[in-house]
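Two complexes come next, and they have one chain in common, subunit A, joined by subunit B in the first and subunit C in the second.
Our next item is the complex of A and B:
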């Protein structure tokens, strides 16, 4: 079993309040909830607000299902950086006898993994992953690069917790910039201002943190140190149940995906990539935590901004 | 030792320029080594010099130049020599 990341008392209590209010519904698995009541309405209205905010740069929508071809995960380096978070789809390919044995074990809740075979898909680890090979397949980038919009893509992280802000599956909305170095660096700086303004307009308290991803193992220590030292990741942090929580973040991958997926600029150099990501459930949780569980009682300015 | 380090950087560092033109103190990250390439450099150094960098050395500052890498390797080798003596 993966490490269980226990929430603090305030987080566990907030989860129970959300369940009692019908905003989240437990499934029996930590970090996997149904969304009830007005939870989804708030999330979708926030998603629409991101669309309006990004509209001036006319990002190209490129929406993938929440499955990634396994070959792309293998090429991406994800299993080096985050093997502990990945989810792989296995499926049954046996005969009737094997099916009967699998059923027998499964009905006793015993281990039936021996009857499962790795498939050619994995669960989507981050919304932007499928974009890079798709854009690379078009050939060199047009001059000035491209800006893309993943839509509200479901992504999976294997880290069970009873902190409602740490879900195993959630919606990540990413705007992604692909171009030369200066283009991507400048774009990220513009989005830093834009994203802070956007979230503060919803009445949220926002701090900007230089951060690192939860890289795995010894190589991960060096990756995290390099990421911080070069300020390749920043997060917008807001309290959820008293816990400062990253509700949006921006990563600059330098030319990692450019090299990995042979993504070339119009000058035939490896492309640089960067993304602006919003964790939509976390934004929604921060909003309910800040303004109360009943939308009717939210400040008029926030409701107007979200068109609620 | 610095020439061996330079060769490993040339092979694994994915620099935007030729590693033979670098000064010992030049910033490798500035020279185009990204963080994933720095991991490959780290693993290649461990393999070549038969050492294991401890956690405290798995930082950006240790891998930012030929001279900082050389200092870390020298420290590890002297620790290993001391360990052998006792």
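Our next item is the complex of A and C:
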């Protein structure tokens, strides 16, 4: 069984409030909800605000669907760090007899997994992952590197929970910088300020934390410690249902993806990469949590800033 | 092996043209591509046009992520009709030792499927599927039924191909009507005209066909024949790379979902359901195919209509 992360009483109650208000709709699976019209409107208006904020650097949009070639997941190191969060796609490859047997089992809600075969795609683990091999395929970077925009990409994390801020599938919007070390480090510091300013302009309380990813197992604790020690991950934290929650984060991967995907700078060095990521459903939840469930009652300055 | 549907020479060549123009970007898997900025811009502007077209009937937006509870797929009948198109989500539930073994195999690109367990979610087979149980959970329909809007939902079809119009994952935008028989039948006829008018206003050549779904196996041929005989499916067909392609379709499910998900009218009868679906990537491809790969060169009337 995957680890079920029970939300505290405040989170469980807040989920119910969101459901009662029609902002989220339950599907029967923890961490998988439909978004009502008002929720989606806020999410899309926040997404548009990120577009306007990033516009001065003219990032190149590259919109990937939520499937990654399995071969890229195998290469990326993700299964070493986060095997518990990955999702793989299986499909049927049998004949009519097998289809009939599968159907019979499935109709009884019995185990039909034996009729499913691993495919060549997996669910997208992070919005920036598919960019690295795609950019590497173009050859060495142009001078000054590149800046990319994933748009509002769906990503998957296998961590069922009844905390509305912990979804199994959600939209991650990433601006990604690929270049030499100094370029990426400097860019990342600029975006740290820009992201805090952006989120504070929406009336959110933001704490900036040095953070680590939820690495798997005992070895993972060492990785997390090293990540913190080198300040490779910052999180922008804001309360959702009384719980301090990372609503955005910035990662510096050093030259990990440069080596993994043979991504070379114009000087033919392994490229460094960094990203600024916004968890759009979490930002939306933080806004509803801070300003109330009825958008009409939000502060005029926030509605103006979001063009709501 | 899933059936690989080879595109004809014209389709394969057109895919390469789209890639060369930066409209699509290859990922290494057939039928899974990233969308470049211009492609996405056209898709989103078409999506907004559907919103404006549907606005007079004020459909309720309900935005589902691309995961469906497995239990709903098992109930829906999909595995009887389309077992070859379904995708299921598997995940890791093992300990640290198992994670290390899985990683070792995956790093060598060997078979690590044995470490993956079927989860309680599957990939979304059609945008309207999750609506039926969600609406049924509210109790009997209000008088006059309901009209819903899925937004631009991702759906999955396991049919790898090198035809750019046959994607494994794409955006389906559906307007869905749930009510009594006459209401749904009449609504569907209105939308047939409205959809033809909408697509023709974009300069597309549209043929309206009585069609059938790609049912699996020998029994499927009977289902397809019955579907045609009762005109349960219409397709709006337009050429993409010389190939007549369904870019939109309308389905009438009679009371199938009403029975399956105990969806009742205000008169406590099983509800009838129908939907008008737009394949957004296909509409976008048809537009590029008809007007050229450079949006600046499109007819002024089309750009005005799409606010491009």
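Note that in this section the second predicted complex is superposed on the first by the 307 of 308 C-alpha atoms of A that agree within 3 Å, B and C clash if a C-alpha of one lies under 4 Å from a C-alpha of the other, contacts with A are read in each partner's own complex, and residues count from 1 in each chain.
Rule of thumb we're sticking to: contacts are C-beta pairs under 8 Å (C-beta built on N, C-alpha and C of every residue); 3 or more make two chains touch, one makes a residue touch a chain.
All figures in this text were calculated on a predicted structure; none of them were measured in a lab.
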| item | value |
| --- | --- |
| First (subunit B), second (subunit C), both or neither touched by A:48 | neither |
| Subunit B versus subunit C as contact partner of A:255, first or second or both or neither | first |
| Of subunit C and subunit B, partner touching more subunit A residues | C |
| Partner chain in contact with A:83 - subunit B first, subunit C second, else both or neither | second |
| First, second, both or neither for A:109, with subunit B first and subunit C second | second |
| First (subunit B), second (subunit C), both or neither touched by A:228 | first |
| First (subunit B), second (subunit C), both or neither touched by A:133 | second |
| Which superposed partner A:218 touches (first subunit B, second subunit C, both, neither) | both |
| Touching both subunit C and subunit B, counted on subunit A across the two superposed complexes | 80, 218-219 |
| Touching residues (chain side subunit A, partner subunit B) in the complex | 77, 80, 218-219, 221-223, 225-230, 232, 254-256, 259 |
| Contacting residues of subunit C [partner subunit A, same complex] | 1-2, 25-29, 32-37, 40, 60-69, 71-74, 79-80, 83-84, 86-94, 96, 99, 102-103, 106-107, 109, 111-113, 116-121, 123, 130, 133-134, 137, 151, 154, 156, 158, 167-170, 216-219 |
| Subunit B to subunit A touching residues, read off their complex | 14, 29, 34-36, 38-39, 42-43, 53, 55, 58-61, 63 |
